[in-house]
Structures are given as C-alpha cells and as structure tokens.
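First chain A sits with chain B, and in the next complex the same chain sits with chain C.
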Partner chain A sequence: MNTTARTPSGAHRFWGTLRAWLTTKDHKKIAVLYLLTITLFFVIGGVIATIMRIELAGPGEDVVSAEAYNRLFSLHGVIMVWFFLIPAVPTVLGNYLIPLMIGAPDLAFPRLNLASWYVFVAGGALTLVAMVTGGVDTGWTFYTPYSSTFSQSHVVLTVCGIFLAGVSSIFTGLNFIVTIHKLRAPGLTWFRLPLFVWTHYATSIILVLATPVLGMTLLLVLIEHAVGIGIFDPAYGGDPLLFQHFFWFYSHPAVYVMILPGMGVVSEVICCFSRRRIFGYRFIAWATLAIAVFGFLVWGHHMFVSGQSYLASLVFSVLSYLVAVPSAIKVFNWLATLYGGAIRLDTPMLYVLGFIGLFTVGGVTGVVLATLAVDVHLHDTYFVVAHFHTIMVGGMVMAYLAGLHFWWPKMTGRRYDERLGRLGAVLVFVGFLLTFLPQFILGYQGLPRRVATYDERFHLLQVMSSAGASVLALGYLVPAVALVKSLFGKAEPAGRNPWGATGLEWQTTSPPPAENFLAQPVVTGDAYDYPNAPAPVAARGGAHG
Partner chain B sequence: MVVGLATLGVFATMGYFVWRYRYRPGVNETGRDVPGSTRLEVGWTIATTVVFGGIFALGAAGFAERQHVPAGRDVEDVLVVGKQWMWKFQHGGGRREIAVLHVPVGRVVRLSLTSEDVIHSFYVPAFRVKQDALPGRTTTLWFEATTPGTYPFACAEYCGGEHSRMVGQIVAMPAEAYDAWLEHREPGEMPLAAAGREVFARHDCATCHDTHANKPAPPLEGLVGRRRVFEDGAALVADEAYLRESVLEPSARVVAGYAVAGRSPMPSYAGVLTNEELFELLYYLRTLKDATGVSR
Partner chain C sequence: MAELHADARLVREPFTDVAHQRAAVSLGMWVFIAQEVLFFGVLFVWYGLFRAQHPDVVAAGGRALDVPLATVMTVTLLVSSFTMVLAVRSAMLGARRGLAGWLAATGLLAVAFLAMKAWEYHHHIAAGEVPVVDLHAASSVVEAGRAQFFGLYFVMTGFHALHVVGGVLVIAWRALAAARGRELPRWTAIMGLGLYWHLVDVVWLFVFPALYLAGHA
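Now for the complex of A and B:
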C-alpha cells in the first residue's frame, strides 16, 4: 500500500499518504486500518497463546511462573475477545462491504466511523500499556471481588482500555443500523438484502443494547477498586454475584456479536461455491434475529453453580436450548444449500465447510453444557475452554478467514495463490482439531481451566494439545503468506467478479472507486440469483473442482 | 449420545453432499434451482425443539436431585472455608483439617461452603459435584461416597496467584473407621454443637434469647422449620439462610411484636463473628430443634 515509503525521495509523499489514510472518511480505507490493527492484536494474542501452550506442555511451572501464567491467560482473553473477535468481521468486512452490498457510497456517518477506529486504537493502546507495565491477572471475566479489591495488577488501565473498545463498538453498531435503514439502493427491500447484511444488522442491535451494560459494569469495578465504595465485595456490603449477572448480561450476547457476522459470511460463500440460491432465506434471516433476541436472555447459564437460585438455573437452562434451536436451523439450511449444488472447493469454501463442521461441534457441546446436571461437572473445566474455542476459533476465525479470502480480490484487485490458500484452510482445520479435541477430554476428566500447574494424569493430553497448537500456529502463517504475497510482484488482476458471484459489491471495479459506484445501482430481484450469475474465472494458482 | 450422533449426522451429510454435488465440468455447470421448503423448515424446527426439550428434562431432573439432601438420611455436616489458597474443613464432630477431607462411605455428607476472601469453587470430579464458595454467604453441596478410596478435589473458580495449587484429596473411609477417626480430636477441637453453645454463651446471647417470658427477644428453641411472622406481615419458614440473616442483619426482618422503633434492638454480628464461629452458632441453633423436637 505505502509503496512510496521505499524511495528516500518519497519521504514527503510518504507523510502525505499516511496523513491521507489517517484522516480518511472512506469506509473502505477505514476497514483496511481496522484490518491492520486487529491483525496486530491477533498476532499478540496468538503469541501469548503460544507461550501458554508451551508452559502447559509440562505439569509444573516449567517455563513461566504461576503469576506470569495468570497474566498470560488474562491478556490472551482480553485481547482476543475485545480487540480481535468482537471487532474482526464487523469492522473489517462489515465496514468494507455493507455500503457496497446495499449500493451506498459510504456508511451513514463516515466521521463517526473514523472516530470509532481512533477510539479503538486508544483502547488498544491503553491495554498494551497495561500489558507491558505488568499486565492484569483477573482473567478476561474480571470476577469480583478478586478484580475489584484483591488483584494487585493493572486492573484500572485494562478496564479503561476495554471501556474504550466498547465505545468504539457502540459507534460501529449505531452506524450500521442507520446505514442499513436509510441507505439501501432503490429496489433493495429488506428481504432482498444479502444475509451478510442481516447478520450485521442483528449484531449491531446487540452492540448498541448490550455494550453500555459492559461499560457501566466496568465503571462500577473501577469505582470499587479505586474508591472502595462497596458494590461487589461483601466486605464493603456489596454482592459478588451482582457482577456476574451484569457481566454475562453483556458477555453472553457478545458471543453472538462474534459469531453472527461469521454466519453472514458463511451464507454468502456457500451460495457462491454451490452455485445455488440459499435454502430458506427467510428462515435464516428470522433465525438470525431470534438468536440476537434470545441471546439476551441466557446469561444465567454461566452461573449454574455460582449460588444463583434453583429456579433461575432452570429458566436459564430452558432459554439456552431455545437459542440453540435457531442455530440448528441455520446449520440445516446451509446443508440443504449444498444439496443439488455444483460445489467448487476454493479456499473460502473450504473454510466455510470447516466452519459448519466446527460450529456444529461447538453448538452440540454448548447443548451439553446447557444441561444442568452435566454442567455442574463440566463448568469451569477445559471442556468449557474447548467448547468456546470451537465456536470462536473453529467457527468465527474460520468464517473471518473465509470472508477475507472471498473478498480479498475485491479489496485489493489481486488474486492470491489458490493452492497456498487451500493448504492454509486444511492446516487450520486439522490444527484446530488436534489442539482442542484433547481439551474436551481433559475437561471431562475434571481438569479445571486457568491452571498453571496440573496433576501428572493430565500430562499426555496436554502435550497432545500443545503439539496440535503448533500445527494450528503454522496453519495461520500460511494464509498470511498467501494473502500478503498477492500484494507484491506481478499482479494477477481480479477483475470485477472473479468468483462469478451475485451481489452489488461484485458489479463495481476491484478495488472499488472512492464513491463505490459510478452510477446508482438499482436492485430488481432477490439475493443469490446464482442460476443467472456469470461463470467463475479460475485463478492461475489452481483449477476449480 | 444424541448430540454425538447429531454431529456425525451433520458431518456425514456435509461430506456426502460435497462429494455427490461436486462441480464436474459439462455435467453440472450450475446448481439446481431448488426452492426452499417450509415443510422441511417447520419439521426440523419442531424436531430440534423436541430433542432439546428431552435433554433439558434429563438434565433438570439430575440437577433437582442435588438440591436437597434425600429425606430420612443421616447427614454428616462439614464446614468448608476457601481462602487464598487453601481449603479448610471443620467436621460436625469437631475435627479440623486442611487440604484433606475425610468422609464416611455410605453416609450423606453435606458441605456448607463459604469463603474468606474471593470466590472459590469446590470441585470433586469423581463425584460430579461442584459449588462456588462465596464470601459473605453460605452455599451447600452434598454427596455420598460409595467406595472407599481417595478422590482429588480442586478449586474450579480462578482466584488469583496459586489458584492451580488449591487442590487436595477426599479420603473416603468406612463409616466405623470415620467415626473412630472423628474421635481423635486435637486439643481445642470440640463437637460443633458444643462449640456453638460456647459462642452463644461468649456473646451473652442468652441474656435476651431465653425461654422465659418477657424477654426482649424471641426464644430460639425449635426455630428451624417453624413459620415466622414479621412486623410487616410477611412470613416464612425459618431456615439456615434466615438464621444467618438474623445474626448478621437483625433489622432486615423483625419478628412481629419484637421491634423497637421499627427496628430490631439486637446489634449486628457481622464482622464480630468469624466464619467458623457463625457456622458453629448456626449448627448449635439447629440442634436446639433436634433437642426439643418441636417448638413451645
């Protein structure tokens, strides 16, 4: 991008380019800024995970001390949740694609969009400062009263960083809602919208409604921590469970913030590479909204053994099954979309098939955990760790990579090496299974999570998990190489529509001009009209099939 | 299990479709234009809901079983106090121990859990039980060991620095051996009811709470399990949570006829009694009922 930086005489032009990027109001460039930022955080979070897996390869304090390990898993969680998973698909792909998909020149509030990035960077910077000056050891969940009155680590700084990330989320959600309501092209009715837009709409609603609760809760922790006013610590007259209710009221819906946009990516990709309309468009759209709504009502399933009342646990268990139903409906519809298709296994499709498989594993293990009697045993064990990593890493990260590969030609105008891309997809899938299947077993055998040391009897499975993690780490390097490589050397131009996809974003140039479309597009039919779509153009890297 | 089969089903269907409908030049240049199917959608929605409902019912039944000690069983009471980073146990018979918990086989063991600092969670994987221990309140958990042996337990709720070393072992021993073990009290250890009576005496509770009439506080014999009517007309059956509240926060609910200027004349004992003293006192108050059978 900033190729001018490499010529010394171009210093002036370099600063000019940098300034142009840092003051841009173009949603596409802001998406690229976000892409660079969250990739940085993903790398930091990944490096931390690597150190954790190395430490866990031995049962004692082999590489780092318990104190250090506690800081590592806390930072891994904080960074991956708030500075990668939550923003990843919405702020990169959503930011880039929503205006293109609905035929608009930009988001409704371009300045707010840029502001959201600056606030996000400020939040990230605070968190990184906290990290390098000693870190935080409360876990990403900040359970009180440990976080509010006992922890000696940088709770205040980290909490401020997360608070800012939350503000950024609210800006983005607000912007998407207004944009989707007001800027749709003529003829683009609600039920003609690509499902990617639907999922972002649902996500935005969650962001706007739930994130303020997080902000409020974190402020209360700060107040107790800094001023000593009793809110959560019973020693000051507070209630420790109150925090958990507040926290999960946000953090459970936040799970859907992470996964719903990924489901949007899946719906786009699976149609394109099956050359079919999506099966049950309206059911998927309604299921999306149902997940967003029910997602607000299930927070108590994190608290079955916390001391909440028996009745509350029963109700939260029932509601948790209710949120699983629309998720299952989505999986069935995706499978039905494969039926009768003309399926091409390009990189995005491989990631999507991996997503469906792993999302199913994550979903059914979620059902296992929602089962009251079983959760009593599995709660706060490695089983839970494996479960949510299956949804977050197996599901969400794979969907993100699917989307990144799918729209990369659109964003850059270049095609990536298809063979490398497929290799990456397979490695990530296999590495994931090798890392987390042992952790399901560890949890079933009763190993609690967040432990720096463990009993000998868990050693073998821990070594297997760490070995699998090295495959996974390698797997993540391959797509990075494939995508970055495409930017250098002689370009293989992507053309407007290399995948032969439907959707307005494929009707403009790659990359699109600043105003997205030279003439206002008009929509006359439903989404995913693949029977009448142009044929895909094979990339040089490999033939289709 | 059902969920395992469902997962295999999804993988198998996906694998079959991907192979069956793979792109073959000249054979299927584009996908078949299959419209959606409302019947299918409604069908799999209902099927999923029914299956989930069944799983829920099974889980809820198992969970309900853990809520109350089975009626008519002898109960061995143990106070469990979590603190950074150890588990302390105090048996109803008076013995105290740390990191090792002796229990009798074939008897219900009821743990009353609390914490001195942050939230911990007492987890015995072999017994499939787990319960958080919270500061400032008591939670309970029961289990019954059926085979003598040692069973590891751990803290399942992250609680800071040495969380991963907050582990120990349950030693399940034949009931007679346990009873004999229980008798080997160290100096200073005494049965809980006796210890509770001492707490009761030490804080001069009897000055007001006496069985004689015309005392400023309600009598306590046979209190647990009896219905209490309060100043504001509300009522409840006295249980351990109510006893606890009455000691720590006397004015929260005042028994009808005993309020002075709308409040209880009794001072709060929060911060005055330690967790152990409170447990001993409440244990003693429970035995008051056992001693007299029913109320006056």
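Now for the complex of A and C:
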C-alpha cells in the first residue's frame, strides 16, 4: 500500500492497515471483519446467558431482580438471534467460501458486501446502546400489545437495531443469489455445486423473502409505539394476533436460516473425514430447497395457544410434521455417507458427529412440539427452550465451530493445535448435554420459561443445568485459545490442502491471493470425488495418530 | 435498433464483460424487487384484514379521500415511468444529453407527485383526519376505526412516498452526472434505476384503488 521510500512510522502503518481493512472490497477480508464482529456479539450474548444461569442456580431472586432478568433474557435472545445465529455461518464462512467454491474472483457486488457489514455494525451499535442504557424487556419476540403500548424499555432503539441487521441480511442474501447464478466457473453446473453452496442458496432465498416482512412489522411496532397508531391494538380496531402472524412468518423461516448453512458445513466435513462421496447428493440438494419452502408454511405452530382457529392449528401442525421429512432425508444421507467410510476423528468431524446426534434430538422434540395436544402442555415451558437450544447451540453453533476449524487452515494458512481442538469439541458436547437435557425434563414437569424464580422442587435440575453451562463456557474458550494460538509464534504452514479435501477452495493457496485463483478454474466432475482426492497431510506433532 | 453502448470501461470487478454484468445487475434488481413486494405485502395484509373486519369503515374512509387529485397523481407517476423508459434507452445508446434530459423530466414529475402528496397530507391533517385519536374523547369504536383507516392511509402512502423520495435522490444524482458528462453513462445502473422506478409506480397502482376507490362502488 505505502510505496514511498520513507519508512512509515508504526502509527502510520497501523492507520494505513486499518484503513485498508475498513475499505476493502475483498470478500475474504469482509468475512474476517464479520468474524470479529460476530465473535464480539457471541461473547456478549454468552456473558448474559452466564448471568442468567447464575441467577437460576437458586430458586429466588438471588443475583438479579425479576425485572432485570426480563431484560437479560430479552437481550440474550435479540443478540444471539440477530447478531450471531442468523449472520454467523453465511457472513463469515459463506462470505469467505462461496466465491472460492464456485471459482469466482469475488461476490457479484463487492461494494454491497462491504455496505452490508457497515449496516450490520450500525444495527449492532444501536442495539448495544439500547442495552447499556437500560435494555428491552419484551423478549426477543416483541409481542404486541406489550411492546407497542405498555413496555417502558428501549423498544424503539432495539427495533431500529434489528431493522438494520435485517437490511444487512437482505444485502447478503441478494449478493449470494446473484453470485451463485452468475459467477460459477466453466463446467460448474448446478448439480456439481458443493452442498455448502446449495444450502447458502436456499438460505439466501429465505433471507430475501422473509426478512422484509420482519422489517416492516418492526417498523409498524415502532410507529405504534412512538406515534400511537393502533395497528395491533383492538381498542383502535387493530388486531394483536396480526403481529404474531407477521413475526412468525419471518421468524420461523429464520430458524432455517440459522440451521441450513450449518447443514452445508456438515455435508462438506462428513465427506472429507470419511473419504467418501456424499450419499444421495440430489436428495440432499432438493431436501435443502424443500426445507426452505416448507419453512414458509409452518409459522402458525408458534401460535397454537394464541386463539387462532382450530382448523388453522390443525393445518399448521400437519405441515410442521412435513418439515421432518427433508430433515430426516439429510440425516439418513449423512449416516449412509459415513457407512463403510475411512472415518478420521479430527476436530471438525467431532463437532459434526455431535451435530448429527443433537440435531436429531432437536428435530424429534420439534415433532413433539408440533403435536397440537402435546404443545398445549409444553407451550412456553423449558421444553421449548431446550428444543430450540438443541437445534441452535447443539446444531448451528457446533456446525459453525466445525466449519471454522475445517477452513481455518485455508483462511489463515496455519494449522491449529489439533489436541486442543478436539478437547474443545468434547467439552462443548458434554457441556451442552449437561446444560440442556435437564431443561427438557424441567419443561415436561411444567416449569415456565422467562421467569427468574421457581419452585424448590426444580432446584436440582436447575443446578445441573447451571453446572453444565459452566462446562459449556469453558468448552467455548478452548477453541478460541486453539485458533488464536495458531496465529502467533512459529506457525505450522497449512499448505494448499491439509485435509486432502475436494472442492475448488483447496486448489488455491492458503490463504488465497486477492483474486482467489491465478487462472480461471474449470470444473469437470462432481463435488465429492473423494476416491481420487489427495491424501490428507498429517499435522506436525503426530495429532493424526 | 441502434448498436448498444458497450464500452469496456463500464465493466466493474468481478465481471469481465458488459453483457455479463448487465445480467447480474438485472437479476440483483429483480431479487431486490421481490423483497420490496414482501415489504409492502405486510401493509396490504394489514389492509386486507382491516377491510374484512371493518368494511364500512374502509368504505367511509375511502369516500373522505380526494379521488380526482389521486387520479392526477397516478397519471403523473405513469408518465414518469414513460420518461424513465426513454432515459434507459438514451443510456443504452450512449446519448448523454438525452439521458440527462429524460432523467430530469422523470425527477420533475416525481417531485410534482410528492408536492401533491404533501398538499393532500396537509389538507387531511388540517381537517383532523389523522391516525392518532384520544380514546377517552372518542365517542365510539367507529371513531377509533376511522383513525385506524387514516393510520392505514398515512402508513401505506408514507412508505410509498419514502420510496419516491429515494428514487428522486438517485435520479437527481444520475442526471447531474450525465449532464456534467464527466463519466460515461453507466447504463446497467440506469437500467436498475429504471426497474426500481417502475416498481414504485406499480406499488402506487395497488395503493390507489385500495385506499381511494374503496368506498366508490
């Protein structure tokens, strides 16, 4: 950058580098910007969860007041959903990898990509300002008329923050759709695409078609809260249930935004570490699209006890069962891919095996909740909390960590400490089970969620859950240490393809040059030609024993 | 048709030729339009539900609106779509002056639309036809319902007007760039702007009958 003959001072160099990063249009650098931002939000959301688990270790209002607890669970939800779960895999791994995987020099609209990060940061900043000035107490769901009429907390500011995060999501989704349509390398037909790209395509469609509904709905809440138009208020002829329909029309598809990209990571990792072609490629690709489509038709299962018509509940219940079909197709295909494979238990694979088990538990308990009569009992209990966290923490976060470890050598050119990595994967898995299995039982016993206090008889299970949460927190520190450590000191170079993986991203250098490929790659076969793939390169220190 | 203006200097990273870039920008704009449809869709669902629950309130509200004025506004927007098509054509042909002129015409028509909208808002607010009611003073639910109708009116036309304002700003920026003639007319960008402008037009074509013509059987 600085080509003058004078040696620039340290501070000068620092500002120059910072400026280069903040104005970059390189999708790889933008992905790193997102990685830093999203990690920050994950830490904030995690700290809030820690305070909640400390409070819940005792049955009374021991550490925080009930009022403060309302704000804690609201902010935990808002930050984790909109500033971690939804953006994490697409904006970090998707941003970095989609152009590489399809043999393109960048995303279709590099400036839009950078803009999406700035909008995201602005949204996050507004939300953090709302947080430190008192927060919001409506839950992440902002149900009316509480949010629109009664809540005295920072609804307007938080809603603005989430709206901006939504705009950023739409930018990203739009960019991915156009990129995948228009910038595939010669020979890369749709059914030769890596499944990671397929899942991001489906995710992008959901982002583009669902997020504007959330955006407008939150603006209506904002207008009603600020100006006093009775959009969702029956006293003015409005309808509070309308809000719930709009909200879940977005928020149910949004949970598929959170999980689908993770499924893409799983498909890539599982082939690489069992050295096999993916079983049933086309079934997985179509199942991905099917989940995206069905996802738009099931929102009413969040409203079984809201007073919607019995017929509507029945239809939504049946449609919700249908989502289990493509989800199960994926799980069975992954298991079939493992069958007879030469399985290696490196860190990404450990996370992925954890994912498959926990996603199955989360999916099956989802079917339990989609059952009309059972849901009346389980609605708004810890069972729902446990189900949701099993898919999100057990599924999405595990997949994100799997992907981060899998592609870390590609992104940094360095290998991490494999033993530390594996330790992290095991700790996260054990910590997760300890945290959330008790919550399934608590919910079945009828403990309502979002309440700071509880009856003495729930104490043991709550203490178990809090103890598990501390293991989980420790578990998250270990991969952070392992990955960051790899950046300092004497690096072990990763080489182009340390895992012996297929896929265009492994054919270029680690990290790739600014233009990704020095010559335009041409694709001649399917994405998972593992029988003919190069052998993995063992890390120094004999971690592949 | 005359030869298209296909200067290699119009191509931006990561594209290598004009046609490829145009196809991508076009797809991107259509995806953007799809999300706009969902964005406005929320308002139309709100409208549909309210109309189904309170048909009389919506009919009475529609009769309180100024149909002749709205008709003129509709025609203004339709003509502006026509001038926008001519602007896109000029950009395609590399005709810088034509582009500047037709964009200016489009922008002026849009400003005329906004002026009429502002006058209409002023008129309704002066007449007390506003969405915010004091419930304690309201005599009946119908009064509250009437406020809700004007809530619909202001929110729906307001979001549409915001889109018009956004369009005017970009049109003005592009018209100035073309008039100054420092850069070549980037006609993929003008094409995208044109698509957006037609969307703004089409949204109005749904807002107009939904609100203004409701009470006129």
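In this text, the second predicted complex is superposed on the first by the 532 of 545 C-alpha atoms of A that agree within 3 Å, B and C clash if a C-alpha of one lies under 4 Å from a C-alpha of the other, contacts with A are read in each partner's own complex, and residues count from 1 in each chain.
The definition used in the following text is that a residue touches a chain if its C-beta (ideal position, glycine included) is under 8 Å from a C-beta of that chain, and two chains touch if they have at least 3 such contacts.
Quick caveat: nothing in here was measured; it's all calculated off a predicted structure.
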Tell me the contact category for A:525 with respect to chain B and chain C: first, second, both or neither. neither
For A:235, decide between first (touching chain B), second (touching chain C), both and neither. both
Quick check on the superposed pair: does A:60 touch chain B, chain C, both, or neither? Answer first, second, both or neither. neither
Just checking: does A:454 make contact with chain B only, chain C only, both, or neither of them? Give me first, second, both or neither. first
Quick check for you: in the superposed arrangement, does A:344 touch first (chain B), second (chain C), both or neither? first
State whether A:211 touches chain B only (first), chain C only (second), both chains, or neither. second
For A:109, decide between first (touching chain B), second (touching chain C), both and neither. second
The answer to whether chain B or chain C touches more of chain A is B
Residues of chain A at both interfaces, chain B in one complex, chain C in the other: 235
Please give the residue numbers of chain C that touch chain A in the complex, ascending. 13-14, 20, 23-24, 27-28, 31-32, 34-36, 38-43, 45-46, 49-50, 53-54, 57, 131-133, 135, 141, 144-145, 147-148, 151, 154-155, 159
Which residues, counting only chain B, touch chain A once they are in their complex? 3-4, 6-7, 10-11, 13-14, 17-18, 21-25, 28-37, 40-41, 44-45, 48-49, 52-53, 55-56, 58-67, 84, 117-119, 121, 123, 125-126, 128-132, 134-137, 139, 152, 154-165, 167
Show which residues of chain A lie in contact with chain B when the two form their complex. 66-67, 70, 137, 139, 143-146, 150-151, 233-235, 240-241, 274-277, 279-283, 304-307, 310, 313-314, 317-318, 321, 324-325, 328-329, 331-333, 335-336, 338-345, 353, 356-357, 360-361, 364-365, 367-368, 370-377, 379-381, 445-446, 448-455, 530-531, 533, 535, 544-545
Show me the residue ranges of chain A that touch chain C in the complex, using the header's touch definition. 25, 99, 104-110, 170, 173-175, 177-178, 181-183, 208-213, 215-217, 220, 223, 227-231, 235-239, 242, 246
